[in-house]
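Both of the next two complexes hold chain A, though its partner changes from chain B to chain C.
This part shows the complex of A and B:
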């Protein structure tokens, strides 16, 4: 039971990192990306390869994962950032589909469909450690950085771009540079989450980095509250605890848990959009039509 | 005559078959208010968009203090000292009034602004001074979306003030303002003029034009038909006929 709870807590921390970093681009910058799982995957593969080929040092794996995911986000996101609004959603959708195929086919790097297996247990300074404390520290660090950036000049630049891009540009803000930095920061964070995920499971394959995963993380952000600090974490806790909670209900047959879960997700999202459009933690007045 | 801060020569831009701007030459002088006047569709806002880099000109040039600005992006033009307002205001609606104005002082694209705490203090002072000057200090913590119409107009002016630009392009800044607000707006413009700001405003209310401007450029069908002091331009019966839609029929 303790192992089960520790596993759930580790996954909540990792998905909390993913949701917090996605929230940074969606909630503060207004960039609706449905490709966050791509950068989660890049970090996971990079971290796994560091552990498999070099040393299973968790900090090194996280660093390399952040550089790979953050760096590749620059190459991949720059052309996509030239388009706005719903066009960016379509561009990120294309990126997600392309990346899923590449993850499946690039066997030397990703292990293909079979994935990368037997990833060694992580260490810090040569001592074997659990991923849970590392994931909690990473989550705390990312929440701290997000809060600092959000409350500072960079956060104001992002929010001004979200609210009125042309006005922000007319005040001297280099919109493309600000957006690119925000995406790189968020994707580097997602990469760290990926490395921790790979080290936690000792196995990664493309199944964890598909469109479904991107949508799940987006749902965490929306349900918790876009543009809030704690909302995405609350969303991660709720959406990861729900299947675990349902499994304990005796009147739901184990084979039907998946279907019931989907119905509850759908219902929760619909009710939320009607009664709390800004999410559980979000400001109630936001998202409502104003006169 | 005062120093020319911004000069455009023969700016032209067509949209498909429509020649929106057909060779606009315009000079903006330090400490002077130039009103762009003309009927709807004359090319006034398009001229602003060509100068600020929001639209690419098909031909023509523009310089700020002799430095060519054609081909620059809007944020690059802004950093050369050009601030503009929009007809639809484009406020940062979900930010507070203070954040709206403070954001106008922060142009660096990096995770932090240069200059440390001293520069930050200076930016804060600029923002607070802009809030005071526009009468918005008491509303500093309100969200922009919750402001009344006139307050929104003044917030867009506060952003421009805080940006410390010396060339202002204002697109219908006084439209919809009551008399008291218009007088306050006039004070803002006069103070800016005294500091040597070159102001260009698009305005349909001719009372406002007479009240605030030193010069008028009359645009029609993408061309500057006449330029001069308000008294002369507004008394021209041919221009009045065009402005009020009583255009003389061209010979077949």
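This part shows the complex of A and C:
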């Protein structure tokens, strides 16, 4: 039972990182990415390879993962600078589909469909540790950074670009640089989440980095409340405890649990958008950012 | 000869892509709603046809039922999902998430009811004959191309020659002026959804006869329609149809150089290139927003 709770807590922390970083680009920058699982995956593969080939040092794995995911975030920043709204969603969907193919085909780097197996247990300074404390520290750090960035000059520039890009540009904000940095920060965060995920499961394959995963993370952000600090975390907790909760309902055959779970969160997304578009934590009176 | 075979295969796939893409483009052009559940209309129509066929109904009854279900689904989305959302705020992302939620729900329901994995209808029409040395063609190729051409002719006649069609195009250009002339934009947007969703049904029926359906097929269809609409230039039905055809051909011809699993990637590479280098598309006039 304790092992089960620890596993769930670790996953909540990792998905909390993902949701918080996605929320950063969606909620504060108005960049509606449906490709967050791509950078989660990049980080996971990078972290796993570091642990497999060099040393299973968790901090090194996270660093490399953040650099790889943050560096390749240019793939997402480039269309974000060119187009907005529906067009960007389309571009990020395209990126997600291409990355899924790439992950399952680039066998020397990712192990293909079979994935990377037997990733060694993580260590910090030579001592073997659990992923849970690492993930909690990373989550706290990212939430702290998000809150700081949001309140500082950078966050204000970002939100001004979200609300009125031309106005922000007219006031001398470097739109391209701010957007690129925001995307890089979010993707590097997702990469760290990925590295921790790989070290936690000691196994990764492409299944975890598909479009379904991107949608799941997006659902966490949306259901919790876009643009809020705690909303995405709440969304992660809710959606991750859903399968556990469903397992206790006897009348659902085990083979259908996955489908029922997807139906529930699909329904939740639709109904929330109709009746409470700001999400559970979102402030209704403030209204929501429009693209 | 492999090239010719792939090209013909691509034209067949492309004709079906063109149909669904034109439906999507019609809806987006007229209502400015990015109908992400368009692929779901396709899935529903395909499975209704599949059930009707397996239940022993003649092909036309199954097709009609498929079209009817697609239209009803499109109308239900417009009335129950998009309109309430647009009433309180019009953010495209809210619309996208809501439609996405519906697509997820239907995909899983279909998977639960009809079983997961590929299902197809076997007809004599999908059996291929050798028309040229080493080139095989099934009668369904001509049906797919014929249906696509006929429906386009019908749709463009409707949009240019009838009162409702002209009103639809006017809605795309200036909804306020349209209302000032005393036309109901609500009824016209329902018309757009009905027509656009109906366009997906024949393609779904033909897909059920050729490559088969699975519960996630709507996903792929939605992505292709969206890609074709953007590549073709938003607001241009002709562009969407042409781009749909092009994507089908590109996916198929690419098989000469790469393995099948890259086929979908080719479409998105084209989309990605267009978004970065020419966001307004082939026939687009308006700047991308």
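In this text, the second predicted complex is superposed on the first by the 281 of 291 C-alpha atoms of A that agree within 3 Å, B and C clash if a C-alpha of one lies under 4 Å from a C-alpha of the other, contacts with A are read in each partner's own complex, and residues count from 1 in each chain.
One rule holds in what follows: contacts are C-beta pairs under 8 Å (C-beta built on N, C-alpha and C of every residue); 3 or more make two chains touch, one makes a residue touch a chain.
Being a predicted model, the structure only gives us computed values, none of them experimental.
*Asks:* Who contacts more of chain A, chain B or chain C?
*Replies:* With both complexes superposed on chain A, more residues of chain A are touched by C.
*Asks:* Figure out whether A:104 sits in contact with chain B (first) or chain C (second), or with both, or with neither.
*Replies:* In the superposed model, A:104 contacts chain C only, not chain B.
*Asks:* Does chain B (first) or chain C (second) touch A:15, or do both, or does neither?
*Replies:* Neither: A:15 stays clear of chain B and chain C.
*Asks:* Tell me the contact category for A:209 with respect to chain B and chain C: first, second, both or neither.
*Replies:* So A:209 meets neither chain B nor chain C here.
*Asks:* I'd like to know which partner A:222 touches here: chain B for first, chain C for second, both or neither.
*Replies:* second
*Asks:* Quick one: classify A:154 as touching chain B (first), chain C (second), both or neither.
*Replies:* First partner only, chain B.
*Asks:* Where on chain A do chain B and chain C both make contact?
*Replies:* 290
*Asks:* Touching residues of chain C toward chain A in the complex: what are they?
*Replies:* 34, 81, 84-85, 88-105, 107-109, 111-112, 219, 223, 226-227, 230, 261-262, 264-265, 268-269, 271-272, 275-276, 279, 288-289
*Asks:* Within the complex, which stretch of chain A touches chain C?
*Replies:* 26, 32, 78-79, 82-87, 89-91, 93-95, 97-98, 101-102, 104-105, 211, 215, 218, 222, 256, 259-260, 262-263, 265-271, 273-274, 277, 287-291
*Asks:* State the interface residues of chain B toward chain A in the complex, per the touch definition above.
*Replies:* Per the touch definition, chain B meets chain A at residues 52, 54, 73-75, 78-79, 83-84, 86, 90-95, 99-100, 102-104, 106-113, 145, 159, 163.
*Asks:* Could you list, by residue number, the parts of chain A that touch chain B in their complex?
*Replies:* It comes out as residues 149, 152-154, 156-157, 159-160, 162-164, 166-175, 177-178, 181, 185, 286, 290.
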